[in-house]
């Protein structure tokens, strides 16, 4: 049974068909990559899965429940977390506070609890801060916990976004170009990190332009072009697929 | 950062609470006015400062609280201070009803709608809506508050009532600011979309900020009614909303110290400038522009919160 | 039916004034994303300036009423435009990269400043325009009374709006303004002088606001230093109603607001007129969150 | 950060210094004036100040009261209750014997308790709301008549002028609404005059054509507008432009020369209004002398009857101090309530009843002639 099943997904913006009849499955414990030329609709697919856009047609089933039409925050609560292609951190807040944003949906205290600072609320805060520090440790940012998020380097900001997403306790982590703007050493670290995340039992779905990364870590790859799926398979299969080669030769791969 | 918040308050609060002993009633009353606006500013700060929502109609909530208290006090003779939570509740429910359909509006659209709500409330009060608001006359003959049999009457007595409430508010709001709810509002202010994608129910928390802010404004309205013994629609005009909004931005949106300082400046300075008589509002306007240019982030912008980590106990200290 | 038409015409006349002021809000907002709360007071300044020119300089006696009105229009628009430029330089330009709400407070400060400056110069009392400026003739069309002055005002409003619309849509400068409104950085990159565009916007908007003030003076004969608040708020409402940043939207919003007010006071209640107008605004925004002609800009994620 | 936080403390100290500086000087009698120096009714307040400054100067030039000079302390009520309450506190702390003012009823009401608790004589000049004197406040007086008195005169005038249907329009202010409702109540007592329209306009606007069109639809014999002169002027002007020649009747807030300026003499002609007599129509020598002096000092006669009523408030207060040789509020209040009879005021003879209201018929009916002049009807 697939953890995430995308079926015949279609979305258009004012006449422009951005995603057309896209279907694919992601199974528990996998690392799946979505690739394709610019404008192929990859990010739109992510936005559809995470509830930011509503699909015109099609079905998205996560853990045997349809999530079409659910609000983004509800989808997060169900266990899908994401990062953004253009980094969207709360740059005027501290690194730790950014991670705490992810922990929000796994906490329960409300206005009264906060004002009265009840024992339950204090315990919850303490636990979540410890957990957030552990996650910062995982991505290697524990020493920067009280820095402003906006002051971090580009690569570190991407890592912080991952830590923030992990704080939501996802079962599926969606990464939109996690290696974008990273140098080679950072990319190597990232590959290791994604491996570690998978080992913790989190399924990973990612968009990446860096073929090196994709081929190294993905077990399965979905290829999109002009909003439609043109291929699906293991890295080896994709590398030898004539349509994929054509698509990639026909367009400029770099952004 | 050498500033120690706890130490500052420990030193400043006792001194401040002794100040009325050497002031004449007029200046104590000015301080009372400042206290009321500090309350209103703190309540609006939840909406404008924390959640970043553009609200220029806060006087509506203030009015609902004041009128609820006044009507219940004059018709059923319920002691006014007992009505404090009722006034807050009424304003909170009112906010819930009006804010719900409009909460999804962005920035300036929300601004004009809040202005509209404020004006509708004011017009409704003037037109004696439901026959209970007394029209332009307002409501008069509100009984003076009593605490343990003592009637609160003089400015000095009100000083302790008002500023005690301010102190409690500041204490509670620091805790709110430094909690899951307070953080959620900050995330929304910083980036709505990212907050939603982190699992924060943005519409829900925007509504919370409105409801809690309105509740506090309603309670401030209760105290206002108790102090004035008469309330009328002109006390809740658009101009009042502008004052509250201005004092927040001037002091530093999102910062409690900033709001307190803003209240002192916005309400206190015109009193000190009284000698300039007719030209005082001219100076006031020019000063607003100058202060914004001089410190666009406000006089005391919020400082990033510091967390004590790995200590295992008592988090949330500001050092 | 005659009463309905009469009310409709009444509303259009008021709405024309709202529309003219709303243009200033919408243009400034379009480019700077700033609500220029001082705009209503520029309108007041226009009205008082016209009064000074008429009474202190005796303009009408020197050149005759017809020429005087034309001269007045030019002089008032020019002078208020200069104030607009100064306002932008002093109160808004230093805050261009600051939090948006700071600029709003600066705008509110400027509004208070202007209002009190007018009060100190002209006094707190109502001031009255000379009565004999334009002939007091009313047209009677099938029982609908329309004073000639009102028709003139409406004609001027329409000319100004159409002219502005063509200017924005058809000329190179207009294109530059539109480009700067969409994306200032991109406009800069393609060589558009964005500072120049902003200055231009602060010439056109205040000039139209000042003109509206002058017309209110001529039309109603009575002006007060606080009137900018009321007209400004109404015009801002109109701009939002039509979709702020959108020039035809401001015109449409102004006219609709005027008509809603007139019909609301005719068929529901005079005392609740403003509340009715705001209710209509809120209902429209609940249904269409960006105003009537505003476009929803999809956020890039 | 630290510096700015200390500003709070600094300000508190500043407030303290300012507060303690105010000390009283002996040998002076302090009289307060609380009026709208800013805000919507600033023009009224400014003129009240002119009148009182003139009277104080005059009194002091004649040697003051009982050998003591009078010092006038002016405070701005901003036409707003909250500002007024602060102004009242400020006056009370400066040791005034009495205070003159203020104009608006709701503004006055916000200060009544403060003066009463501080035992300061308050003489209002423009607050005509009935309830102000129905509370049994010992130190509160007013030189202006009450709304019920005005309504009575207005209704009598409406009947005398032979109107059968009438439209009543107010502006939702305390004063205008009170007058309109009182007139309505009196008219509904008998059936001679029918009310065909009753609603309120929004003051401060410029275009009232929508309201006039609606009024015209109700087809009344006359319109009774209880609001203020700026709106009255516009209504008259726009009514004329509509080609509708129904007579208008106004309350005393329309009594202001600016009415004619706004409406234009041709549109104002035929307008009736009810008002306390204009100073020019007062036979008394006091009024004539005062008007001459005022015109000499300020270049024009006073515009508003209320500023003259403020002057009367000041003069009765001075009279009371002079006669009783006391500044004790109880003595003064007793004198004003019971012993002051037919004092020759600028606006006629002044006596107060036990409530603090002015006794006697004050209101007259005026008509505007073709030149725009206000003519007293017999």
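A, B, C and D label the chains in the order they appear, each numbered from 1.
Keep this in mind: contacts are C-beta pairs under 8 Å (C-beta built on N, C-alpha and C of every residue); 3 or more make two chains touch, one makes a residue touch a chain.
The UniProt protein names, listed by chain, are A = ABC transporter ATP-binding protein; D = Branched-chain amino acid ABC transporter substrate-binding protein.
Source: prediction; values computed, not measured.
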Discussion item. Show me the overlap between the contact partners of subunit B and those of subunit D.
Written reply: C
Worksheet item: So which chain is farthest from subunit B, going by the mean of the CA atoms in each chain?
Response: A
Discussion item. I'd like the most central chain, judged by C-alpha centroids against the all-protein C-alpha centroid.
Written reply: B
Worksheet entry | Contact-richer chain pair (by C-beta pairs counted) among B-C and C-D | B-C
Worksheet, complete the sentence: Distance in whole angstrom between the CA centres of subunit B and subunit C is 33
Worksheet item: Rounded to the nearest whole Å, what is the centre-to-centre distance of subunit A and subunit C, using the mean of the C-alpha atoms as each centre?
Response: 48
Worksheet item: For subunit A and subunit D, what's the span in angstrom between their mean Cα positions?
Response: 71
Worksheet entry | Geometric centre distance via CA averages, subunit D-subunit C, whole Å | 36
Response to the item:
Multi-chain touching residues of subunit A, meaning two or more other chains, are 52, 84
Fill in: Touching two or more other chains - residues of subunit B
126-127, 193, 278, 281
Worksheet item: Which subunit D residues sit where two or more other chains touch them?
Response: 38, 172, 200
Worksheet, complete the sentence: In their shared complex, subunit A is touched by residues of subunit B numbered 172, 175-176, 178-184, 186-187, 190-191, 193-202, 208, 212, 304-307, 309-310, 312-313, 315-316
Worksheet item: In the complex formed with subunit B, which residues of subunit C make contact?
Response: 29, 35, 90-91, 94-95, 98-106, 108-117, 119-120, 229, 233, 236-237, 240, 244, 269, 271-272, 274-275, 278-279, 281-282, 285-286, 289-291, 299, 301
Worksheet entry | subunit D - residues contacting subunit B, complex | 1-2, 4-5, 7-9, 11-12, 14-16, 18-20, 22, 37-38, 76, 79-82, 85-86, 89-90, 92-93, 105-106, 109-110, 113, 117, 129, 131, 135, 172-174, 177-178, 200
Worksheet entry | Interface residues, subunit B side, partner subunit C - complex | 48, 54, 101-102, 104-109, 111-113, 115-117, 119-120, 123-124, 126-127, 193, 238, 242, 245-246, 249-250, 253, 278-279, 281-282, 284-289, 292-293, 296-298
Worksheet item: What residues on subunit C touch subunit D, complex-wise?
Response: 3, 6-7, 10-11, 13-14, 119, 123-126, 128, 131, 136, 138, 140, 145, 147, 216, 219-222, 224, 226-227, 230, 261-262, 265-266, 269-271, 273-274
